[in-house]
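Could you have a look at this structure, given as structure tokens, before my questions?
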């Protein structure tokens, strides 16, 4: 029975070694933000300046808001304005603070068979893809990115359906993997695309239309609804996120030489 | 002579069906009591019922009070029960149940292993030894509590001639040392060689009880006559 | 194929440089799954053994249920535990969501039926083998249970290892209840999922190879320990 005893002792030691940190707070963020790599720059600075250890829950916008509504996180950082406002109206958060924006781009086969790159506007690029019935991969997961894509299709006057339109129901990375495998068009946030390692024959085909700008907003969870949330930490984090230091870090963050985010928080 | 074991109306029923009996007999002799009969005659059931492994009806009386005690009885099954242990620890197991310390139990197990003539690595796994050696291990295990009576159910059923011969030698030696033996067999030759008293079962009933040679030379019942002549197989 | 060999090279590099992040998530993987296996074994092994040797009216139903639960989809278990532990759920006040404890709870639910089911199967076979011998030797209920547990150590270890294997390779449930938080609840499987999402197949494969190596090593170590122990037992 010595064997059993040593297993018990080892496991017990292991469990108690997981001690809680005093200044932990949880924030749900979207996959696109986490994939950009900006978090890896910001989090250590936040910890150094404020003593807050921000734990990120990387999920889709829908789930990020849901976690906040359930009180399972202390704040959320997402990018889907209509959903954010609905969430605030339901009393889930105290307020909404715009922090920064990045942009979406269209990615497609390197020879661009639908000539989407020649379009002037984002809606024109989508119309070209639909006209050519070129394969297009959609996130189809009700995430912020997916919602943005649906708004663009509507703006282009198209209800996308047919064999060429593939909704995969997965995160950005998985959707990019699918597009790479099918050599299809896809809409992605710039950061996820730049970080994406499995590009295959894909390349960036369209960018720059202001309609593609993607606003990130920070929203603390309402302490009146969930008394246990660390609202003081959430406020401290907000103050840091709109500070000049954050501005410099966000604007200065580049990936492969490209700037990804533009800081646009207004001081109150 | 005083009987050391007698049964009165002994039967075993299962699911409303009578598997064996009712049978009545007295055993009085010093020799080995052999239960004979064709396959399915109820030999195994009779031995198991006497030992207490089957729910039984009727009376069983032990002439010698000591024999009635469970720990004074031992049973050797037709196919030896192999524990997931070494040969030596298998033999020592009954003593360990009695609370005997491991070292002493092993020492006494070694004595029994020698007594039955086990020629294997006693520290090896019991699954790895031959059929004959397995049966000897089972006999050593049965002997280790120094039982007053030992039941054996077809101990040589699956063994070759040489192993059978060795087991029979051990059986006579055990008998000579004073332990009562009651065993079943359907091997007529073996029964002839070993039997002091014979119980002949056929279709769950006791057809005839006799003394060794007398029974074999002049069976009284029709069934036993036919069986000894080789006419009954089932 | 370049991803494949790149993955092997990457795995070697991470291991040889003792990458601190890798060490952290590997240790957490081990911690969570070993703890879950321990708790699930403490519940599942006695339950399996108990089901094997006891007869009661609902026994078949319980066993069928247990076998059915072996196929529980981890995602569903994760969702179930999430709903329980969420601040808005019945156990929300405990504040366990997104902690290693929540991951242990989810894994316990997933692997207990597996451990209990395999243990039940193994002990039932052992009990069928040992039944007559233990009754014949007059073993008490307690002695019977102890004997089955001691001799069933190896199959029960196998049961626990099967549970561990399922646990350490599981991603659906711990992703939901752990949240894959860097430096807090990130384990090998959730890290693999993350790297795959980033399209970094090389890193994902490297982590996968480390996971497989780890699972095999734990199996080998426990089997070796068990074998060395065997010689000195009883």
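Just so it is clear, A, B and C label the chains in written order, and each chain counts residues from 1 on its own.
One rule holds in what follows: a contact is a pair of C-beta atoms (placed from the backbone, for glycine too) under 8 Å apart; a residue touches a chain by one contact, two chains touch by 3 or more.
By chain, with names taken from UniProt: B = ATP-binding cassette domain-containing protein; C = ABC transporter permease.
This is a predicted model, so every value here is computed, not measured.
Two chain pairs, A-C and B-C, are compared here, and A-C has more C-beta pairs in contact (counted per touch definition above). With centres computed as the average of Cα coordinates, no chain lies farther from chain C (ABC transporter permease) than B.
Of all chains present, the one whose mean CA position sits nearest the global mean of protein CA atoms is C. Chain centres here are Cα averages; for chain A and chain B they lie 79 Å apart.
Each chain gets one centre point, the mean of its Cα atoms, and the points for chain A and chain C (ABC transporter permease) are 33 Å apart.
Chain B and chain C (ABC transporter permease) have CA centres that are 47 Å apart. Across the interface of their complex, chain C (ABC transporter permease) is touched by residues 51-53, 70-71, 73-75, 77, 81-85, 89, 92-94, 96-97, 102, 123 of chain B. On the side of chain A, the complex with chain C (ABC transporter permease) involves touching residues 2-3, 7-8, 10-11, 14-15, 17-18, 24, 26, 31, 35, 55-58, 69-72, 171-174, 176-177, 180, 195-199, 226, 228.
Listing the residues of chain C (ABC transporter permease) that touch chain B in their complex gives 126, 129-130, 132-133, 135-139, 143, 151-152, 154, 231, 233-234. Chain C (ABC transporter permease) contributes residues 30-31, 34-35, 38, 86-89, 92, 95, 97-101, 104, 179-184, 194, 196-202, 222, 225-226, 229 to its touches with chain A in the complex.
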